[in-house]
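A, B and C label the chains in the order they appear, each numbered from 1.
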Amino acid sequence: MRVELKSVSFSYDSTRAVDGVSLEIDSGKTLCLVGPNGSGKTTLLKLIASIIKPEEGVIYLDGKDLKTYDRNEIAKTLSYSDPHLPRTLPARVIDFILTSRYPFHRVFQYFESKEDLELVDFLSKELGISHLLDRRLDQLSSGELQRVVIVAALTKKPRVLLLDEPSAFLDIRYRFEVMDIIKKYTVEYGATSIVALHDIHIASLYCDRVVLLDKGKIVAYGPPSDVFSSKAVEEVYGVKVEIIRVGSSYIAFPLPSCGTSNTPESNNRTSHSGFSSSSSSSE
Amino acid sequence: MAHRIARASSVRFFFLMVALSSLLLLFVVVSLAVGSSMIPPFEALRCLLGAGCDEAIKLVVSLRIARTTASILVGCMLSVAGVLIQGITRNPLADPFILGISSTALAVLSAALLVDVSILAQRQLAISLALGGALLGYFLTTSLGVLAGGTGLSLVLSGVAVSALFSGVSHVLLYILQDELRHPYVNLLMGSTSGTLVRDIPYLVVPAVLSLLALYALGIPKALNAYLFGEHHASQLGYRVKLTTVASAFIASLLTGASVAVVGIVGFIGLAGPHISRMLYGASDHRVTIVLSALSGSALTVLADIVARLATLFSTRGELPLGVITSIIGAPFLAYLVIRGGRK
Amino acid sequence: MTRNVVLTLAVALIMLAAGLGVGTYLTGGTTATATITETKTISIVFTQRLSELTTVIMPEVRISVVDALGREIVFDKPPTRVVSLAPSITEILFTLGLQDRVVGITSQCNYPMEAQQLVSKGKIAIIGGFWTPDLEKIISLGPDLVIGSAGTPPHLRLKESLEQLGIKVFYTRAASDKYDVYSDIRALAKIFGVERVAEELINRIEADIMSVETAVPKDEQPKVLVLLGPPGWGLYSAGGNTFIGWLVRTAGGINIADKFTGWPALDYEFILSHDPDVIIVSAMGLNYTVLTKEISETPLAQTKAFRTGRIYLVDQEANDILVRPGPRLGVAVRVLASILFPDIFGPPKIPVVYRFEGGTTSIISAGTAIRPSTAGVFSALTPAT
């Protein structure tokens, strides 16, 4: 499903969280939203998910104004994964995943259908969480939880997949695994994925288009190779970097500023998510 | 795998429903049999089913029916209210009285009594006033809560504010009133079924039925299931979060307000019912917990009523109010909950 | 020798005159109150004067009494500024002729009439309600003795604050029978040195009680249910160890709540299984038609008392005497006996007692209600006139 934003703006009180953003992405493609904390990635996702309404501008899904869709239609078409999952009341993984099927129930249908359960089984197998289905959410590790969240999203068979930091807490192996699955789904089902990320490396590997955001405005927009020039990243994150190209992917190498004790060599191979915050523009 | 789990869950639900219903039925029969005059349960049942019984026994049984029915309804209503409140606040320690409605009910009733003490003797009027006061409290809390964001948390905080204000007001009013009545006003605060009449029962049944209809017409159980995982999660599933929280709070207030109006404040049930049902079922599916809470809450309350009556036989202080019994059981239970929660 | 006799006589005469003068000043020369008949007045005054004399001659005598809390309270001389925290206490003080020493009473202290008259004349101040005494008002009166009831928590709470300021506090008992009342009367009398008056009073009360006890039929004891308020408030009755419980017993009735202590909450089942012959409800100033309507709509309508038209509502003064353990003890017993055995004792002589029979409520007590109803917020906030 084609997603299009035209000059969309939104403010929280007096702060402009999203300022005149225009972008578009086609079916089967993945768009990555990259930017420091507070740049508007989450707000943008919520706008597309219709959780909040834009103050200015229009959002189009398949050429139709998002405002004209009714709630249930939206619920069946797209899925938004909240990175923060409340876990105060005991709830099972399977119950969580099955809530994604609620929009598809008939008006007074009270319980899940056989098809719902089959779908959950299938997806659980794909993501290797079948053994976790009857566990409680608060008994899972972060990695397991993240995969459960993906399954819950995919259970909707959404045409638009909105993911907020899907791999934030995962170690290297799972991080790639999750992105692989997302990519696979996007391509095979012809869905549109919009993923908010910190990690430039992952973004460059998996995204067809990248949107670099700073304080709600688009700073750069295009394929990773265009977006990830050292200057742009530096300006946005406020850190001196060296962009190194490895195969078809990019790695941002933060260069030490005067006064840090680490030498460039020791900064090798460490986690790329999050740049040193010494002079970043994040909150 | 998912199939297996779903099936096991359904079986469990069904089994628990049957088990709890049987327990409730057992308690009801005991409740009809026990009192200052012990009636053999068989006799009590025969009277209940209209199969002819002694005049004297009939009279006693008809009195106990009023109390028992009130206990069943109150237990059911408070537990369901508890499930709803815990659902919208996502807090297992929330109980139906946090919305501040019992304090407004009390304040309205005390104000009315100060204007005309004779209202005390007009039970139906007193009940209506108390219920009206409860709903007033709901409107105040909800308006404040919606202004503050409309989430479960803002509702709770508003409830605390409203409760604090009207608690103070009602205590002052009752302090003045107390002088006239020469009796401490503890009576209104501690719930009791000893004075319940059959004519009071409609004041419980009607709100209960209305609430039930509203609950299922609005699809609250599933909405709360979705809301359990976050308001954004519920939003993207097509649910109107504000509507869900406001409607659930309203239903909870109606249920609790009616209970308070007829029987007084009975604590602990609204907390224990939901907790027991979650413990027994093993998860928080509201479609299940609402039903199981209703059953366990009723059973608990009927049991407490039986204990309250037995107190007459064993102590010289007469019958203990229901609210006192439930608090006595409640305190250690709550302590257990807190400790278990802390250890995790 | 003669010189000594004359000197002694002269001194005695001067002391007598001085004593008379002092006595007159202290007591204001008034006679004792209505409950004690005219013929006895002179001797009582003389007895007072005599005890005053004795006190004057031996100024070093310290008065020691023990109050209901078991504390010994010592007085160097009888207090002159007394605050009463309860209507029963006010009644005792006035009946003992001590009204001149009273500076503060509660808004519910409506007996004798003189009490409220002194309030409107400004000689006595209102210090709050029985359940709501105002500490500051009490202190502002500069009392040297405050008398409260041991069975009333708000009174007990004032103990520390008052004693810290050097004000003596005496607690009367939560009376459960006449002996408790007599103890209180005697103790208070002792403080003020009016023991003779007290003994006269107690003898009078005993005589009243005796006259009822002898006339009461021994073989016919009606079962009585006392309700302290309308059923909607809760079915609160009086236990066997309460004053009301004792009153019922002495008036020849059987209190169905006798096995309980304190103020138990009963339930309909209990009441119906005991099937009282008489039900007495404290009307508390409620509208009596509303009250009787409510009663007829509850299971109380199934009792023998209801069927035989023996539901009584007591209000105002009649209600007061039933709940105040004080000098009108004897009157209370007689009123109850009149309710339980109207054929023997005639209608109650104290207003207001209603009887509900055959669907109508009518006043059966003699005398007119001389005080307005004390119910409602407005009377609570303004001093009674």
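Please note the rule applied: a residue touches a chain if its C-beta (ideal position, glycine included) is under 8 Å from a C-beta of that chain, and two chains touch if they have at least 3 such contacts.
As the structure is a prediction and not an experimental result, all values here were calculated from the model.
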Both-way neighbours, i.e. chains that touch chain B and touch chain A: none
By mean C-alpha coordinates, which chain is most distant from chain A? C
Gap in Å, rounded to a whole number, between the CA centres of chain C and chain B: 44
Chain A to chain C, mean C-alpha position gap in Å, rounds to 82
In the complex, the residues of chain B that touch chain A are 1-3, 5-6, 86, 90-92, 222, 225-226, 228-230, 232-233, 235-238, 240, 278, 282-285, 287, 344
Complex interface listing, chain C residues touching chain B: 107-108, 129-132, 228-237, 239, 257, 259-270, 272-273, 284-287, 290-291, 293-294, 297-299, 302, 323, 374-377, 379-381
Complex contacts: residues of chain B adjacent to chain C: 35-37, 59-60, 63-64, 67, 114-118, 120-123, 126, 175-183, 187, 192, 194-195, 197, 199, 309, 312, 316-319, 321
Touch list for chain A against partner chain B, complex: 46, 49-51, 71-72, 74-76, 78-80, 82, 84-86, 88-92, 94-96, 99-100, 102-103, 105, 110-112, 114, 117-118, 120-121, 124, 130, 133-134, 136, 138
